[in-house]
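For reference, the structure is listed below as structure tokens.
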Amino acid sequence: MSNPKESIHRALDSFRIETPSWGYSDTGTRFGKFHQPAAAIDLDDKLADAAHVHRLTGCCPTVATHVLWDFAPGTDPAAVARKAGSLGIAIGSINPNLFQDQAYKLGSVGSPFEAARDQALAHIIDCIKLGQVTGSKAVSLWFADGTNYPGQDNIRARKHRFESALKEAHGHLSQDQIMLVEYKPFEPAFYQTDLADWGMSFLTAKKAGPQAKVLVDTGHHYLSQNIEQIVAWLLDEDMLGGFHFNDRRYADDDLTLGSIDPYQIFRIFHEIHLFAWERGGVYPEIEYMIDQSHNLKPKIEAMIQTVCTAQELYAKAALVDHEALLAAQAKGDIVDAELCLKKAFNTDVTEAIAAWRTAKGLAADPLLAHRASGYAEKAGAERAKRRQELGIATEHSYA
Amino acid sequence: MSNPKESIHRALDSFRIETPSWGYSDTGTRFGKFHQPAAAIDLDDKLADAAHVHRLTGCCPTVATHVLWDFAPGTDPAAVARKAGSLGIAIGSINPNLFQDQAYKLGSVGSPFEAARDQALAHIIDCIKLGQVTGSKAVSLWFADGTNYPGQDNIRARKHRFESALKEAHGHLSQDQIMLVEYKPFEPAFYQTDLADWGMSFLTAKKAGPQAKVLVDTGHHYLSQNIEQIVAWLLDEDMLGGFHFNDRRYADDDLTLGSIDPYQIFRIFHEIHLFAWERGGVYPEIEYMIDQSHNLKPKIEAMIQTVCTAQELYAKAALVDHEALLAAQAKGDIVDAELCLKKAFNTDVTEAIAAWRTAKGLAADPLLAHRASGYAEKAGAERAKRRQELGIATEHSYA
Amino acid sequence: MSNPKESIHRALDSFRIETPSWGYSDTGTRFGKFHQPAAAIDLDDKLADAAHVHRLTGCCPTVATHVLWDFAPGTDPAAVARKAGSLGIAIGSINPNLFQDQAYKLGSVGSPFEAARDQALAHIIDCIKLGQVTGSKAVSLWFADGTNYPGQDNIRARKHRFESALKEAHGHLSQDQIMLVEYKPFEPAFYQTDLADWGMSFLTAKKAGPQAKVLVDTGHHYLSQNIEQIVAWLLDEDMLGGFHFNDRRYADDDLTLGSIDPYQIFRIFHEIHLFAWERGGVYPEIEYMIDQSHNLKPKIEAMIQTVCTAQELYAKAALVDHEALLAAQAKGDIVDAELCLKKAFNTDVTEAIAAWRTAKGLAADPLLAHRASGYAEKAGAERAKRRQELGIATEHSYA
Amino acid sequence: MSNPKESIHRALDSFRIETPSWGYSDTGTRFGKFHQPAAAIDLDDKLADAAHVHRLTGCCPTVATHVLWDFAPGTDPAAVARKAGSLGIAIGSINPNLFQDQAYKLGSVGSPFEAARDQALAHIIDCIKLGQVTGSKAVSLWFADGTNYPGQDNIRARKHRFESALKEAHGHLSQDQIMLVEYKPFEPAFYQTDLADWGMSFLTAKKAGPQAKVLVDTGHHYLSQNIEQIVAWLLDEDMLGGFHFNDRRYADDDLTLGSIDPYQIFRIFHEIHLFAWERGGVYPEIEYMIDQSHNLKPKIEAMIQTVCTAQELYAKAALVDHEALLAAQAKGDIVDAELCLKKAFNTDVTEAIAAWRTAKGLAADPLLAHRASGYAEKAGAERAKRRQELGIATEHSYA
């Protein structure tokens, strides 16, 4: 196999990670929200923060937007795209909000109420159009739909409603757009979630049309479920559309990537490198996106941390000696096959990544560079003042 | 064994369930809150709703209060207690809020910051005093304390801070008061929760003092953990202080009791009846409290449903033939021993409970009686109007 | 809705449950096996026991066989079928053994070794032929295949091996036969199981051919996974082939049905009744089979208990008022919709089932009838003696 | 902080790991056992293998024994100890077998049958005496006791039986001996396990006496439970007696250490290093033992792999900068505190450990040294032949 440093640099060259606009503003749990002075207030702040992270890391050229929170009525999406462009970034995936409006009490496209379904579908179609105007590739669908109590609704009827809505929405996609269909076992639906696992997303996407793919959120699985196996199956079926990066220990904890189980993330990346290696180095098109909601770590630090951790684990996974692995597997030599992975995982890639960054004109350590930049302090002072002017409460809030 | 109907009536005669003030107002998940016109706005509404539920069920004579949300600064607690009394109920357990204030970002009594710890302890002591003024017996402590990332804080140092704070707080209890120490595996702390399981609550309560007991929330356990065994151990150690009733399928879902796994609740009640039977019919003092946060079911209907389900499962568990069970266990006859439980669980107790209610001058079916009463419609109309007058937004909110 | 007793009787009339030959012999955990004198020694014993259970319950006309354990080399399958027929039962599903031979150390059809794959495929084809000779309808495939350590084998290569093998096997099915493809999250594979969830079984069965369907084992799911939702999806996709009945609390515990969570089994049956009701009373063809491995309860008692529990929960689920349910769902009335299920579940169906049995000339309580029959004592005495004659050790054994 | 290499070497100098005799012989799952020619047949083989592993690693001076499997009736324990000594190792913890005998069908010291309880207690006392004769320090108690069905036995009665038995057994300990009390949530008991969690082991050990401590098996926890927190609590209460090392993904999978989640094991070691650092470098007395049952990897390779992984993660954890950590924690700087752990975990310690080994006259890579030694081939040839002579079946077996 080739030189490790080269492998790492080649891997990083093509590895792009999208940061989420909502990851720059205050978030919380149902028990409350802890405010940070430097948290973004509006879309301009979010774009500025995303551009800052991209300047520091060099690998975050797009920012995911959340339509309800980012595009206030009357906003000109084309202007937003231009604004982003002027900051050196672009608008990434478009995320409809299908859970917050009072109309969605019993679901969005899965609701028993036609009005709610119509509203949801119209919003999805609006988002598709918004994507076309902003030059965004992916429309990323997460549904909170489901039921909270046995008997609450007809599971198969809800399934049919989903199939019908996504098929219709798919018809509005331009040729360049893709539709990502996310799954999640539970929360906020606590009895049954309409798209609860990869199999449900897979079947629903298949019925929607050829531009619909599955979105894997690393925090949306049953305890002990093998995520890298799901990734391998989706790759094999040409149905892996993208990722939402985060980590968790219990439920959908939305922690920074690799903070709880870095080896698992490494193994996911390994499946992707291996798949590409078998195809002569051709990597599949995958949207790598961050979706975390760390309410304690400073927002921008947390974002940089996840980006750097993703690079680090992606780089480590690029070090697996595929030929040696294949040979060990063919002999049924479990210990040697496993050691191919462990050796790569145990390699300290800090310096190789720093060298890659330096070669790109980036700071060797983006977190330190961020801290040295004074960005957070400046934003904190300015935004705290603006918050006061706008009369935005920063004291306790409760869901 | 005695007549089933008699067993049921005797069981219900002494079974009291406390409803929570916060269960009458709008709640939600971190993804939003769905508003109900009839949801309580202020403490007066909550007391009225609790009194209504007690009138219908005859077994909910107390209402748990949540200090931060219920006792606005300047409130006269004695007046609140009188108000409750005038409605036919009394103030039940006092619940401090140790998670919402910005000071508690890194914890309350477990925080690394002395100021946060002092504020938390002072609030607990205030709650103890409030309990004395309102004639409440239990101070019910739930801590959101913990850490979200490995290394964030010193686990043993946090343990010591808890031990010290609860010991000091215990010193402020009157002889009539008890301190209930709740545990919860996770949320909102996602790496480590300071009181994560019954063992941690047990040890902490033991060190606090003799009036401190463990509070078991039926939704606060690891998946597949055997709750009735924990209940049996706590009974045996004289450390079971009370329950928070709700049900769940995944995490702390806060659904209405018995909606997902009624047999489990039955088995918990069975352990209590069995314990009492072995002591000649002397029941331990246990605070039975509801803690649910159903954001879709109508609030009062959900409350009545949980109360009725608790009665139903408590009544069924009272039907277990303890002598037959003991005999089967002594012979190691697994099938017959299990059938003692299944037979009781399978008995339809609807009519026996209806008869008990009728004998008490209550409606046979509290839910139907509530619907027939027009209470919800009336409250809905009045509260919607008041909300408008108060300028309370009822549209989308996000945590 | 119709008369409850009629609904129950109509439901029971068409409800057939297959008992497994291996459920009559000694089984255990990896920590040991506890011997029962009355446990079956050979296929004759198993057929006799299965016939006894069918005589008592009237609803177990077939017995599942496990090829390796039941059909010793040289056995004439046609003779076995005749033997069963003479006892009043028939041979049910054929279960290959693809895990026990030393060749299967790294898997059967998923093994990296061609010889193992060939041996496995040949065995499956043999089983299909065996099914044709014995007049059995279903070939039931459970694979222990998977890997124990990261890197051990190529997940996608294993997937392809499965697809190829099952497609080839499918070609050998007669028109009357079906192929059931089971899934299981883990054990004995502890890193990755080749068919780990319903989605994997679904895709694999689809690629195998139109006579391949998914087999749902009620104990083979991730903790908290919603089994009835999977059942509803499979029904909707016309891919539900059958069930393996058992219950569990933690992993694949193989306890008797409904012993831990009866309400869950009820909800599964509810999905089936509801599906049939929507189709004008036409029930889908589903193989209901028992697969339990209770190593403590007396074997035949445990079997009867599961059969009776299945009938009981199937009967309760038949009592759901579908029209009322539909109406409540259409209005979004969660409480009323849920009560449709709870009311049915809470109905005591003991007497209605006893009446159905009496009308069929069966004992009202099969368990009591079994005990009164002296069958177990007689079998115990005879088999203990035979074991001694055969020199079969009945003392401790360890896996 | 001190030089990393020094920290690593100092850490390794005092780190001893006990290998288990049963880890050298064929094991399996309930679905079968895959035979290895080089697997140990008898105690002599096991001692030889353990001595071989100690020669290669220099840190495994003791071997845990399993009384039932290792000490056949008539064995002279003193002779066994001398034999071990002549091979350069010593007898480590003594493990009674309290689950395999037919008498233990319903439990050992927790059984409802007095005869079973007496037999179990007598066996424990024999083991204590055996430990005294062999110069072993720890008697390590794992109980399979529990129940499989609701109602099967009285949970509190079983608790009392445990308390009484362990107290009596404790009275037989010499001053040098300790009693380790293990816990496990389930398997082979599937409804309720008598010592199911650390709290139950803790209370039971406390009541037994001052020489009883808790044994933490890294595979015996609920999914998502935080093991390092339990370790921290036990350290703080002076109740941590030892570990059983293995890894798992789902249940008690008994995989080699760190094969699934190495960061978790690192965090456990971190708690121990931190505890010692706070006490001025005084490490608590902890028995580090391996308990794995890998039935696919070559036995000795798997043992060496776990030993090396334990050293590697213990060494990494020794690199945490405790002063920097403390400072970050005191400031509530979550990111910096976490980075103290991540930096240490990401350090490649391969060379530093190799240097430590070389300095001790050991091979730099024990696994390679083992393979180069030809030990397995030689043992395989000899043992295969001996197996044949002894008439030991090596073909399929089923529990």
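Labels A, B, C and D are assigned to the chains in the order they are written; within every chain, residues are numbered from 1.
By our rule, contacts are C-beta pairs under 8 Å (C-beta built on N, C-alpha and C of every residue); 3 or more make two chains touch, one makes a residue touch a chain.
Composition by chain, UniProt nomenclature: A, B, C, D = TIM barrel protein.
Here the structure is a predicted model, which is why all the values come from computation and not from measurement.
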Between B-D and B-C, the pair with more C-beta contacts: B-D
Rotation in the CA alignment of chain A (TIM barrel protein) with chain D (TIM barrel protein), degrees, nearest 5: 180
Separation of chain B (TIM barrel protein) from chain D (TIM barrel protein), taking each centre as the mean of its C-alpha atoms, in whole Å: 40
Chain A (TIM barrel protein) residues counted as touching two or more neighbouring chains: 105-106, 148-150, 185-186, 191, 223-224, 226, 249-250, 259-260, 263, 296-297, 334, 338
Residues of chain B (TIM barrel protein) that touch chain D (TIM barrel protein) when the two form their complex: 105-106, 112-113, 148-156, 159-160, 185-186, 191-192, 196-200, 202-203, 222-226, 228-229, 232-233, 235-237, 263, 267, 270-271, 274-275, 325-326, 328-330, 332, 334, 337-341
Chain C (TIM barrel protein)-facing residues of chain D (TIM barrel protein), complex: 27-35, 69, 99-102, 105-106, 144, 148-150, 185-188, 190-191, 223, 248-251, 253, 255-256, 259-260, 294, 296-297, 394-399
Interface residues, chain C (TIM barrel protein) side, partner chain B (TIM barrel protein) - complex: 223-224, 226, 249-250, 259-264, 296-298, 301-302, 305, 312, 334-335, 338, 345-348, 350, 367
